[in-house]
Amino acid sequence: MHFINQIKAGEQIREIYLVKEVKQLTTKNGKPYWNVTLQDKTGTINAKVWDPNSPGIEDFEAMDYISVMAESQEYQGNMQLIIRQAKTADSGDYVPSDYLPCSEYDVDEMYSELQRLIDSVKTDYMKKLLKSFFDDADFKKKFCFSSAAKSVHHNFVGGLLEHTLSVTRVCNFFAKHYTFLDRDLLLTAAICHDIGKTKELSPYPANDYTDEGQLIGHIVIGAEMVRDHIKDIPEFPETKARELIHCILAHHGELEFGSPKKPALCEAMALSFADNVDAKMETMRETIYSGTASSPTTWKGMNRFLGTNLRGTTPEE
Amino acid sequence: MHFINQIKAGEQIREIYLVKEVKQLTTKNGKPYWNVTLQDKTGTINAKVWDPNSPGIEDFEAMDYISVMAESQEYQGNMQLIIRQAKTADSGDYVPSDYLPCSEYDVDEMYSELQRLIDSVKTDYMKKLLKSFFDDADFKKKFCFSSAAKSVHHNFVGGLLEHTLSVTRVCNFFAKHYTFLDRDLLLTAAICHDIGKTKELSPYPANDYTDEGQLIGHIVIGAEMVRDHIKDIPEFPETKARELIHCILAHHGELEFGSPKKPALCEAMALSFADNVDAKMETMRETIYSGTASSPTTWKGMNRFLGTNLRGTTPEE
Amino acid sequence: MHFINQIKAGEQIREIYLVKEVKQLTTKNGKPYWNVTLQDKTGTINAKVWDPNSPGIEDFEAMDYISVMAESQEYQGNMQLIIRQAKTADSGDYVPSDYLPCSEYDVDEMYSELQRLIDSVKTDYMKKLLKSFFDDADFKKKFCFSSAAKSVHHNFVGGLLEHTLSVTRVCNFFAKHYTFLDRDLLLTAAICHDIGKTKELSPYPANDYTDEGQLIGHIVIGAEMVRDHIKDIPEFPETKARELIHCILAHHGELEFGSPKKPALCEAMALSFADNVDAKMETMRETIYSGTASSPTTWKGMNRFLGTNLRGTTPEE
Amino acid sequence: MHFINQIKAGEQIREIYLVKEVKQLTTKNGKPYWNVTLQDKTGTINAKVWDPNSPGIEDFEAMDYISVMAESQEYQGNMQLIIRQAKTADSGDYVPSDYLPCSEYDVDEMYSELQRLIDSVKTDYMKKLLKSFFDDADFKKKFCFSSAAKSVHHNFVGGLLEHTLSVTRVCNFFAKHYTFLDRDLLLTAAICHDIGKTKELSPYPANDYTDEGQLIGHIVIGAEMVRDHIKDIPEFPETKARELIHCILAHHGELEFGSPKKPALCEAMALSFADNVDAKMETMRETIYSGTASSPTTWKGMNRFLGTNLRGTTPEE
Amino acid sequence: MHFINQIKAGEQIREIYLVKEVKQLTTKNGKPYWNVTLQDKTGTINAKVWDPNSPGIEDFEAMDYISVMAESQEYQGNMQLIIRQAKTADSGDYVPSDYLPCSEYDVDEMYSELQRLIDSVKTDYMKKLLKSFFDDADFKKKFCFSSAAKSVHHNFVGGLLEHTLSVTRVCNFFAKHYTFLDRDLLLTAAICHDIGKTKELSPYPANDYTDEGQLIGHIVIGAEMVRDHIKDIPEFPETKARELIHCILAHHGELEFGSPKKPALCEAMALSFADNVDAKMETMRETIYSGTASSPTTWKGMNRFLGTNLRGTTPEE
Amino acid sequence: MHFINQIKAGEQIREIYLVKEVKQLTTKNGKPYWNVTLQDKTGTINAKVWDPNSPGIEDFEAMDYISVMAESQEYQGNMQLIIRQAKTADSGDYVPSDYLPCSEYDVDEMYSELQRLIDSVKTDYMKKLLKSFFDDADFKKKFCFSSAAKSVHHNFVGGLLEHTLSVTRVCNFFAKHYTFLDRDLLLTAAICHDIGKTKELSPYPANDYTDEGQLIGHIVIGAEMVRDHIKDIPEFPETKARELIHCILAHHGELEFGSPKKPALCEAMALSFADNVDAKMETMRETIYSGTASSPTTWKGMNRFLGTNLRGTTPEE
């Protein structure tokens, strides 16, 4: 594929790109034209359709994949495409993951590890609950394609899986380290804590809040999903169900962060820490160590989410 | 009945009272005795069992109703009972409402009015939902016996009904006054907004948080109850269900007051105001105008819940 | 009148508009020209004066009404005027309400209703106080022309009257619903609560904070106005005067919103709720249901004042 | 006078004391008696009236000055009086300042210094305003007898004068140091900033909030007093009056401390600092260096008002 | 040893106890006596010295160890000692750990594990720094005897060591899990993060804030200690020293918790989480699972530090 | 010197300016050119280098002083330079203070006054400490060249000296006014309170946070500097050293403003007030009365740092 970050001036491009934004404008002479932003997973590029009447130009909108015939040129220091033809692409002609930011880790490997952690849960009704979600092919597909957030951190395909796995590993350590913790409850809660995000956010490339996400939110959605599945497991003790749902409701740790209850069980407290530390460490990693960041030891400027300036440490000498 | 606030020194008392607290102590001479607090709806009185071996004294605990034979006397300016006999009373021998603080309004009349408001809801599936709760005898019994809070305001038998009716009336007014409001959605939400309290608090005389109340809380419990009933009404539109549940989740108005979402619909905003104004006006009424308060125009001292000193207004001259 | 939202390309325009902004600039060739924004109640339009020396062009400033002779053209997708002549208009030649956002309700009808509410106040000295303001022609003129805020909500001619009437109606309902409320005190306070705004904000089209508004603020200004008028009503009891002034001082409900006292009387609490609910419901109405808003059920984006995203409810099916 | 802190066991006391509290109680044998707390400026003492029928015992209440005939004795390590006779004292028979905590400084000298500062104000209408208060004998009497607070700091006779003088001196320094400050405005505001306290608090010995204090508060009361006096000085410019009143309204510095406006003028900012620093320094002085405190360099424990533990510095070696 | 929780009525006691509190009082007859609270690690007991003139009674103060000869008796349901003789004990005659709450873990084993973690640090200058503290016998003694707090959590002998070890283990896990973390920096910071507590709190049994603790606080004290030791390690890079000191300064995570800087390095963020999770998990463990707590699954009541009610989970069925 | 605010169109300029920003761009025709912002103490000017190949054009970067040969012209109402030649200037050819904002006061006079205040400190070890800083030529140079902040207030060469002197004078007054204050401690603390800023901010023209500033901050840096110097004064009492360092640590007054301790000594409290009042008064002065501000009595708009609109007072009439 001809990735956007490899386009040079003077090339003839025939490729499928994702339309991020399209706006119709008028030149000073009153001629209409289109200003388009195209994207793939390596970045975005500005493009113009000067002659909308040229044969083969079809209507398209943001979030469409379009097959373009175009020429590249440099304009004011940036690369730009002049589109000659453009039509919406058939869904079989492209691989969405070429167009979207993705986890650096292999989705299948992460999912396998999550399933091994599910298998390590000893209480039968808990394991049954987990399998009712994670052995379901539709759920798996949605879960693996979701991000963990609209912005801030883990905002990429596979982000929800990556974040869930990481939080579960941290909880697994906590269960070993703080021996009074109920490991089965904690792991089950950790694995389920963000499943509501599969409904709170629409799938990529939109990745925006759904109506349900705006009105109910992933915390209560997730609690409802767990509660519904528990109804099909009659031997699931009522008290244990309440404890599990409490852990999900309380996982943001404080009322002002959207949890309707503060953690009242040790497992709920441990989960809220694991979730919080993972979100913050990933935010730092993306800011300091991601491919597009400046040299790690350079100060990155004020980070709104963390409320401070950031930099990476210097290497040991 | 021989109400506690009418006992005078030197009387022989034979009556059933509710045990609020009982503690075994030892006199300076090493003799065991019991210190008991008895209550009825008019107040509480201190009582002593000096001779636990006297015939007819049975074991009893806090929250028991006991039938006592006793003498009254004044001690350090307060009335006191010396108990000679005490045995737990049969549940048919007393009327709980004689022992518990009750709404000043007639429960049946309030319930009838609430049902008239339910009948005024025009959308069929909404009315069906409301009737699925309020035409159910078990639900009605619990609902009418509950308080609206463990303390602060409406802490009496019938308090939940009184508060719900009042909030619904305020919302009914808002629906007329702000014509863009969806009256059916608003009234349905108002009537259901606190139904989770039937499970958050245990019944009187305990009136304390249940395990479910501590772990889940009445906001999410109420949302779950509504969601469960909607499942049995297949024609209930999904979007409308979401809007209704949003109103219940958001009725505390702010995240820090335990709502997992802030009001995003006009009806959710109107309900949160109606709930808040009713809680605050009732708090003021109980502090300033209730039977046990000092003269209304006297300053009452700092009120913790309202964060200010309070008094009633002077009469117009 | 030739309203701005009806101008099409290629028209000759002779009309009076309000100048919102005017700036003198220089072309690349060093020639001075003016960039002007004109407004009427339907919107704004950009205009240029390329030749300031052409006969008939007079000096004008922002907030002037000017009579222009101009041609319309489309430029970069927007309509634009090229002004040939421009002179300040005589105040008799235009109707200010054509140029300013106005209440959707009839000002006279609203005022009549407010006066009926004043007539319903039974306590003589209270009614006398209200009439001393609202029977005064100068006060009436200012009051009816004011907005209720510089921005956020009720920011239009008649906004102060509309908001005051609405708050008074809500208080009228509260007085019926919460029977311990002193209706005369509450209504008098409601009707007077924002009269300080007639001095806090300058009249339209400026509608900006006055020096007095910045230094004293409408809360204390309003309290002073009431206090001054009470001095002319010798039979007004001192305690009642204090209670009324307290209601005005406390109507923002919390110190951090500019009230120097929190509500310590039931009437002050009720008024602060009525004021708050009316401000928030109107903000929602303007955002969701006003003429310029997108379809009501579309999410409107984060609202700063309310701290949440908003949408209107779906219609009952 | 026989001061309370000098009473020894076994003395016959004939003296006038101030009644701080009086409660009627009943002995175990059912006999009524009185428990009384008496105070003078050196402290308080418990007293009993065992025989209320003894000749010469009159009715008295808290805040009365009573002339007692009594015997002193030690009871459980504390001194106690057994009262034989008690009658309310004539106001000419005692000097209130013997019974109340007083400023360590001479009231007349402080007042003279304040008047010299008034004389140093150059703008005629400002000086006239100040003299309209401080040359008024009634105002002077109230002002000199008031405390600056109900508790926390400067809670003694003369406290308001002492605090006002100190704040004015600090402002006088600020006017010299920050040369852009308008000295006349600043000094006038400083001298008047707390005059509302003469009406917010009732006179000693009660020293409690008045009804006006609760409902209006000293900030707005003070602004009203200044405004009323300005009305009698026709040459006082309106803008200057607004600036002065703004300084008084804003002198608590932040809305959450009860100022309806934040300081928007340099003089208002300077005054709010002078007021705040004087309150905090005096709180520290009373806690660390007052006669009843432990050795200055001992840690005093958490101070609620200042939010920290406190101690005095060690002497330079 | 005759532990306090095993004393029965009517025993002759000869044992050494720690004086927690001592107060001189006077009987109704005017006779002086002493009221004493004695403690050992199993609890506290009230004791009286009725005859201070009896031979062998010496002066003693709170925090003294005294050897008593006494009789036990029951008084108002509690055990009590009547002391006949009392003299301060020689420091060789008792083992302090019999009198003080201690870690449940073996101090030597914990210290050995901490030293193994120190040995695992690969960067020479970091390891040298750690050994300069932890190979110093005086430091070790203080460090092992300290609590991690005056109250709230880890308030026992060995508490600082136990908390430090636990935080270091959590950081060790983080370093493996978040591979971009600089393990040597993180472990060094974890091991040193609370060393300032050896100077902030006085040794047991007082365990109270020192003057240095009050004025400087363990965060800055710890940073100073590290900085002083680094001066003796000339090859320690300046930047690395700054990063390490930053981690210590920022380990409370937020300014309002006393850190003068928020975490700006990933390692500082990870350490602040490890410290916080360990403090909260231990608080929960002490409240729910410690020997003196009620059954784990019972609700424990509002916990001030955590801001919520707490209980342990029910066992898996 | 040819100051920027005096350049007129059509001049030939040969002058040295400071480069604030330089960016390489490409014209529509693909030709590279440079867009440069030049500054001196009177302002900034836009400049272009159209032909980078012209003889004599050297490489330069932001923060370089360059000697330019250029022509001035007006472009879109602003003055602009067309640079023909540009080379970096020798450090002897320009006076930095011509290019940087400077204190309005003479640095030497301010320094002399500060030294007189140092001389007035009576305690030998304190004076010795102060002289160890202020008699050191290197320290003096840095101290006099520093600003007191990166933005907000005193952001100019000499700002740290001006602010320090002003705070010290205020403290000097406090020491006279509040006689229980330890003047030597207070003055020493005042003079040293911000010395950490010499290391927190890099020297002008960058004036940005250093790595040490970001990680440690001027509060702890200052405390360390004082502590290091005290080590060389063996007679400095330990307790006094702690008190002095406490004053520096606590000078921001509240934990959330970055002080790791709240003021626990009177002197620490006085210093935090002096620092705060000086920062706020200078912010007001710069906003209202500085050369570039509009007429003082005009409202200046919302000031972010002070949270309010501002204006200067009207002149006394």
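A, B, C, D, E and F are the chain letters, set down in written order, and residue numbers restart from 1 in every chain.
As a working rule, a residue touches a chain if its C-beta (ideal position, glycine included) is under 8 Å from a C-beta of that chain, and two chains touch if they have at least 3 such contacts.
Because the structure is predicted, anything quoted here is derived from the model rather than measured.
Student: Which chain pair is joined by more contacting C-beta pairs, D-F or A-C?
Tutor: D-F
Student: Please tell me the distance, in whole Å, between the geometric centres of chain C and chain E computed from their C-alpha atoms.
Tutor: 63
Student: From the C-alpha centre of chain A to that of chain B, how far is it in Å?
Tutor: So the centre of chain A lies 46 Å away from the centre of chain B.
Student: Among the residues of chain F, which are close enough to touch at least two other chains?
Tutor: 211, 214, 239, 243, 261, 264-265, 309, 311, in rising order.
Student: Looking at which chains touch, is this a line, ring, star, complete or other?
Tutor: other
Student: Which residues, counting only chain B, touch chain E once they are in their complex?
Tutor: Chain B reaches chain E through residues 25-28, 30, 209, 211, 214.
Student: Could you please specify the touching residues of chain B with respect to chain D in the complex?
Tutor: Listed in rising order, the residues are 74-77, 299, 309, 311.
Student: What part of chain B is in contact with chain A in the complex they form?
Tutor: 211-212, 214-217, 219-220, 223-224, 227, 239, 242-243, 245-246, 249, 255-261, 264-265
Student: Mind pulling up the chain A residues that touch chain E in the complex?
Tutor: Per the stated touch rule, the residues are 122-123, 126, 166, 169-170, 173-174, 177-178, 180, 182, 184-185, 237, 239-240, 243, 261-267, 269-270, 273, 276-277, 280-281, 284-285, 288-289, 306-314, 316-317.
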